[in-house]
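In what comes next, chain A is part of two complexes: it sits with chain B in the first one and with chain C in the second one.
Up next is the complex of A and B:
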């Protein structure tokens, strides 16, 4: 730390007649750049999404949900290991779709925790009065929520993959689907994080944010399922295919199926190449729109 | 190097002009920014932070241009807002460490400096408890700590004594003075309470409706200036003329005449002039300027020119 010699070497500082030794030490070490700050905020927010570095109480929900997400994967892995099967009793690529409710509850809890607090208690001016730019804050928070949601889904997928390898299942059969499912998980994470952060950022009251996110995601999933169900019954296969656009999980499942070649548990996937491109386009559009909406939202926050 | 220099700095919103043609040069030290609510203090602070582009005019802070070096300025300046800005569910330590990191300090340094800074602002065991349970005084200290933790060259304090009781107010003012002297960090403290700034500032800048009224050292403003106030029963004008003829500097302020005190014979001259005119002398007293007079004579002309 600073010695008196360092202080003298700094030359005259503002307002200093004499330095009385009351123990105040100046700092002339490194100051990190904007990029480093953004990364630090990203890491802290991502860890915070699992309650790390926060109170014990805020660790309970994310950890429980993570455990619940992993439990089916663990069971699948154990079954594969003890019974001599030649393939896993559940697919990688449909896993996230099957546990989507848990992922919804997770983002509904964590997105408001990540951004609403800073808005509601007017912490934002403290960020803005620092070298960080507004867009850096948005980028760090978006990336952190995406990483947290991705981890929530990648961990059970990885447990299944490891279980399959331990059961001596051929790796060249397992790897492609595992990779597809991870890609899908990343896309789902981007879409979920975007939607939930936008909702959280416009509802500074945390409880409202939680309810609003759950409601929006559950309604989307419900509408998607009923539209697709009705369309299938009516024999409208194209409509049934495009119904997948309505919910984040089926949207990404459509991409997994049509562009990555995974099997789909849904009655109907995106119709043809055009359908595949539409699904991809909508995904990109949703992510871009969410990021843009966040940037606009934070531009309005006054200091 | 000037701490802050503004040149015809102007901020105009659609309806109002918040800061108008402000040109001022502020040297390092503890500087008071005085103005009534809505005088443009907060707008000026936001421009100094490089967060609000001026409509016209320029300004430099620590030698850096607010238009182009905003991020660099914000790296070396600390800001304590007027309003509440603390989340209730984290402890002071956790919060200040986080804010230190957001100012660019590496992790271990952020921890060390947080502990030091919280001690300097007078937060001890309670710093591990959630902020939600703090008193207003403790919260103000946390707000101050987050502005100081990265060892800025300048801290901007917006109404730091807001909501404090008299004892808390004294503590905060003492702390501000110490930041300027013992810590060697320049302070720009905005307030509408003149009495407070009188006590801690080396220099005061007075703005009203976005315009600069005055910029001068506190000593100049509040020195026990050689001045006597004279109040007579009637015909104040005639007395003023008579005293001027006798070679004294006179300024008329309401019913009072303020007469420059040259030496003890000034009292005699006043007494003699009053009796020669046959007036009733109601009051004759020695007085010193107070900052509050800055507002009593908004243009500053009468007072300043007379001296």
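Up next is the complex of A and C:
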């Protein structure tokens, strides 16, 4: 180890940078791996999506939306407990579809908060100067947003399930539908997180990302409802069935209906086995495309 | 009104990605209109469904939100509004100019496409296109002024505006009928309905408020929010992000 000053005494040669050893203690402890970094970023982002670890003002909106998501479920659970019914008023599998606006606003608010700020304030070099690879950043953010959206939808579903059990409804009738709806919620979360993160990553400007995400999601839902309505009116059942592909929520509802055997509140589900496979294929494709687009986007972020 | 402020606002509103978004939304409406005319033929019920359910209910609030908050929000965000406020201009004239530009943008990207979609879907039958075009323009004006005020009041203007436009007007409005009396969309529909005259009832065009209530409420909204935005600009606090 060199003594303090022996490098400084020589002085930096002109035109050549020198890192001075000022005699501070070295760090010899354990250095954590990429995996630890990715996990830490995941946890931080997932908590951040509910405002935990951020300012009090940024907790308001996600918590309000979470409460609004849970309120109808709570009412359903209370009704089931008070009046002695033999099934829950309003099923598990159509719940997410019914409150889709709230989920849209949630991702529109939180996806830009998760990725746009890092781009806007140019802190990406700080991430990438660690052993963290670009794909790790993307994976951590994608997983975190998926987990946050899944939690947003799983909590009310769980409230309903617990309510049903407290109301002494038979568990073997409740459990399959609850499991189906959780699978659906996970798929919706994957698709929503992907679409919203891609949009947020290309619109670092504040406010624009929120508007762009909600515009895309609301327009997809609006187009889906219009096309399906028109097709049903015209008696084109196949077209009406495939119209479900247009919006993330109806896309996953189609999978729930055709592959998992849930009931659908839509006028027309995916037609036949081919329809079911098309719906599944489109979902996988959308998720993969979003992840790929994010990886490409972050490959271009300069350090 | 100030020409330079107007030009700067228009440039920031129509810059690159925002312009793409502004163009994409009406393009979807026109594609839908052409598709349903080709597939379904001329059907006035369909026109009402598409223009009322999609154009006025979804497209116009979204464009009003993008134009209204985009006219002033980014400037407040990055703090560059101080250079504008430091000029010897009345704050009210700055607010008025920005609202006017936002309204013009909404007119170009929401009202005109709605009118065009109406012509594509129904031709000139029953003045449906004109009625909905005027309705879209009026709703867009209300939304633009309201959301510009929101952008001055809060940094979360876009989310708050969305909560109003999507949750209050559609979700709450469908459960609590009284909530619809305070809905820009319903005020605009009142005007559409009166333009349609006798044909409104068979086409199922309804509004929660009468024309006598809608017009004063709209005027109060537009003038009131523009004035209050100007008033708030007199003492604007620039807070840091998060």
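Throughout what follows, the second predicted complex is superposed on the first by the 276 of 303 C-alpha atoms of A that agree within 3 Å, B and C clash if a C-alpha of one lies under 4 Å from a C-alpha of the other, contacts with A are read in each partner's own complex, and residues count from 1 in each chain.
We adopt the following convention: a residue touches a chain if its C-beta (ideal position, glycine included) is under 8 Å from a C-beta of that chain, and two chains touch if they have at least 3 such contacts.
All values reported here derive from a predicted model rather than from experimental measurement.
In the superposed model, A:46 makes contact with neither chain B nor chain C. Using the contact criterion defined above for the overlaid structures, shared-chain residue A:33 touches chain B, although it does not reach chain C. More residues of chain A lie in touch with B than with the remaining chain of the pair chain B and chain C.
Of the two partner chains placed around the shared chain by superposition, chain C is the only one that A:234 touches, whereas chain B remains out of contact. Looking at the shared chain after the overlay, A:226 reaches chain C, while chain B stays out of its contact range. Look at A:218: by the touch rule set out above, it reaches chain C but stays clear of chain B. Legend: residue contacts after superposition of the two complexes on their common chain; A:55 is shown touching both chain B and chain C. By the touch criterion defined above, A:127 reaches chain B but does not reach chain C.
Contacts of A:23 after superposition on the shared chain: chain B is touched, whereas chain C is not. In the superposed pair of complexes, A:205 makes contact with chain C only, with no contact to chain B. Taken together, the two complexes place residues 54-55, 117 of chain A in contact with chain B and also with chain C.
For chain A in complex with chain C, the touching residues are 54-55, 57-58, 61, 101-102, 104-105, 108-109, 117, 202-203, 205-208, 210-212, 214-215, 218-219, 222-223, 225-227, 229-230, 233-234. Residues 3, 28-30, 46, 49, 51, 71-72, 74-75, 77-79, 81, 83-90, 94, 98-99, 101-106, 109, 112-113, 116, 119-120, 130, 146, 150-151, 153-154, 178, 180-187, 202 of chain B touch chain A in their complex.
Looking at the complex, you find that chain A touches chain B at residues 1, 13-17, 19-20, 22-27, 29-34, 36-37, 40-41, 44, 53-55, 117-118, 121-123, 125-133, 303. Chain contact summary for the complex, chain C toward chain A: residues 17-18, 21, 24-25, 28, 32, 35-36, 39-40, 46, 49-50, 53-54, 57-59, 62, 65-66, 69-70, 73-74, 77, 151, 155-159, 162-163, 166-167, 170-171, 241-242.
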